[in-house]
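Pasting the structures in now, so scroll down.
Shared chain: chain A. Partners: chain B in the first complex, chain C in the second.
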Partner chain A sequence: MEIAIFVLLACVCALTGILTVVCRKPMHSSLYLAANSLSVGLLCILLSAPFLALAQIFVCVAGIALLSAVVVVVLNLEDEPRKGTFRTLSGGATGCIVLGALGYFLWHWWGASREPAPDVGTPFGELVFGEFLLPVELTAFLLLVALLGSVLLTRREGEKRTASAGRSGL
Partner chain B sequence: MPLWPYLALSGLLFTLGLVGLLIRRNAVGAVMAFGLMINASLLNLAAFTRQHGDGRGEAVAFLVLLVAAAEMVVGLILAIALFRNQKTADLDELDRLKW
Partner chain C sequence: MEYGEELFIGVGKAVVLPVAIMGIGVPLLALAERRIGARMQGRLGPRAAGPFGLFQPLADGLKLLSKGAPVFSGTDRLAYVLAPLVGVLSALAVFAAIPFAGTFTWMGHSIRGQIADPGVIYVLAAAGLGVYAPLLAGWGSGDRLALIGGLSGTVRQISFLLCMGLALLGVCLLHGSTQLGEIVLGQASTFGPLPGWNIWVQPLGFVLFLVGTMAWSGASPFDFDRADGELMGGYRRRYSGIFLAFLGASRYARQIAGAALVVTVYGGGETLPWRTGEAAMDGWTALVEGMAFAVKTGLVLCFFIWVRWSLPRLRYDQAMRLVWRVLIPLGLLNTVGTGLVAHLMN
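What follows is the complex of A and B.
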């Protein structure tokens, strides 16, 4: 049963991944990315990582992919023009080389299948709020910086001038 | 179930993201291809977490997911700023920092 679910999700994941890259309409690409993130989240459930799956679905599907769709709508992006032959060939060749290298590494280094170890780890909450407290706090600070940077980058020129005039008391 | 199918799938996703990053001309499309690479790395971390039976991998994957999401959001905002200044989101048109 687990193998059947994996095969189904893997097919969806690979297909939506290919369509995200190949599709020329940016809106369709963002929707395929959402489907891809959703399938990866479901694969995380299959890997006994439910919290990670939930975070993936909330952050990537509900956040990133839909934000991409909103950006496409706001910018009113046209269909992407057809790629040049050299660009397609070089991208495809790089992809073949990387995929071949990964396959070779997986085949020779990993070898025969290994069974997963029994779960002996501490609960996720204890880890995040104990051993990983400092990285979590640093990540929160990084997210705050990203938020402020995003607000600053999206301000228009007029708003910047008004803000600087307000600071100088003019 | 063994680990290698998950690793193979994540390798395929990573390669697709890399190819997308190379061949997409649209800035938003390139950011979406980067999202595919993030999904691949997350799947990889989740698979190795299960293999080693230790929850630390899941915590690391969670932090990686958050940082990568912040990177993607900043990338999309940069695409918006780019479109405002250059009136295009085509990456081939960006040559201001070239020389």
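What follows is the complex of A and C.
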């Protein structure tokens, strides 16, 4: 039962991934991206990684994919025009090469003896949230300052004047 | 319990709960909103269809269903159709984590009154998926006013979800857990002469969560994104028939989910007042607890309706100022203060 759901989700994941790339409508691409992230999250649940799954859904689906959809709406992006024959052929050829390479590696991986992957997550988490907690938090604070600074720097002069006039009641 | 029985009970809960919410909760809330509103304005309200107007929501639903599922020209069909479904599904997904009764024994089987307990991160993630509904509806409608309404709705939901998340952090710090089941069990105690609910321990968090929930669910006075005067209905203006019914149902389902969350996190959940500790229960006690949970949720919903008919609608900038300049800083303050107190007490 679980294997069947896993295979189904994997197929959905692959399909939505392909549709994200090939779809001509930017909004539909964003939706497929969200569906892709959601299916990856559900796959993580099946792989007994619930926190990773929820983080995936929370950050990627409700964050990144949503942001891309909002950008599409705000910029009012038009549908992507059809490419010429040469670009279509070259894109198709590149895709075939990538798929071929992927298939080759998968074929060899499938035949090779599989050992459980070493647990790199726990030591990494212990380092980040233990020994290097302060530098990590300081970096986060630095990123926040950089974000606020970039917002201030990109404000136009007119906006600044309007804002100051509004505050002074003019 | 065997795997088959466990699966059967799990699937049963996953089917019964959404059907009960959409089939009973949403129509009752729609009727209560109109009846209480009429009472507050000195009107009679809907009372012709059935006793006390009980069949009015059914009549309204049938009217919308009879209009079919029209998709107007100039719309983006995928986004237009998907928006109401996403709204309903995200609201129902929140219910999966809410405990509506304790663990009880029924016909020899131990049943937990909760579909799953993945924790508050899941609740926020599921609630966050609902952000897509107004955005897709606004974009899919192919209309400028609908698009403005959709964007406003998206921004409203994201902003107030942050406020809800910050309020939840304080409770999680206090109970040392992110599981809603454990948070409810932690409230099965007393706080002086009062029940040991989080509403007394985290009053600021409660206010923040209540306001955040109201705004996230689109309850008035935070429904500026579908304002009739300014936006001609906002992202709903090009919807009709069954899609409009689903959009409306999604808003009511979100309100019920929000009220149930408030009760779970701050109102002791399904536990009866002054009940302490976890006790073994039979089916009848679980039923009483389930009813207590429904009554508490109903009271919170009545508060939503009371506010809806009392306060004027906030403007977009007023709501944004409220959330970003007042509620979120207060939420941060609440989190830091709770963390400090929890640290000192430990």
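Observations on the model:
Going forward, the second predicted complex is superposed on the first by the 111 of 170 C-alpha atoms of A that agree within 3 Å, B and C clash if a C-alpha of one lies under 4 Å from a C-alpha of the other, contacts with A are read in each partner's own complex, and residues count from 1 in each chain.
Here, contacts are C-beta pairs under 8 Å (C-beta built on N, C-alpha and C of every residue); 3 or more make two chains touch, one makes a residue touch a chain.
Note that this is a predicted model, so its numbers are computed, not measured.
Of the two partner chains, chain C is the only one that A:31 touches; chain B does not reach it. Once the two complexes are laid over each other on the shared chain, residue contacts for A:139 go to chain B alone; chain C is not touched. Using the contact criterion defined above for the overlaid structures, shared-chain residue A:73 touches chain C, although it does not reach chain B. In the superposed model, A:51 makes contact with both chain B and chain C.
In the superposition on chain A, contact of A:60 is made with chain B only, not with chain C. Residue by residue along chain A, chain B and chain C are tallied for touches, and B comes out ahead.
Of the two partner chains placed around the shared chain by superposition, chain B is the only one that A:99 touches, whereas chain C remains out of contact. Counting contacts by the rule stated earlier, residues 51, 55, 63, 72, 74 of chain A appear in both its interface with chain B and its interface with chain C. Listed in rising order, the residues of chain C touching chain A in the complex are 76, 78-79, 82, 118-119, 121-122, 124-125, 128-129, 131-132, 135-136, 138-139, 147, 150-151, 154, 158.
Residues 1-9, 11-20, 22-26, 28-29, 31-33, 35-36, 38-39, 42-43, 46-47, 49-56, 58-63, 65-67, 69-74, 76-81, 83-84, 89 of chain B are the ones that touch chain A when the two sit in their complex.
Listing the residues of chain A that touch chain C in their complex gives 25, 27-28, 31, 34, 50-51, 54-55, 57-58, 61-63, 66, 69-70, 72-74.
Of all the residues in chain A, the ones that touch chain B in their complex are 2-3, 6, 10, 13-14, 17-18, 20-21, 26, 29-30, 33, 36-37, 40, 43-44, 47-49, 51-52, 55-56, 59-60, 63-65, 67-68, 71-72, 74-75, 77, 80-81, 83, 87-88, 90-92, 94-95, 98-99, 102-103, 106, 110, 113-124, 127-128, 131-132, 135-136, 139, 142-143, 146, 149-150, 153-154, 156.
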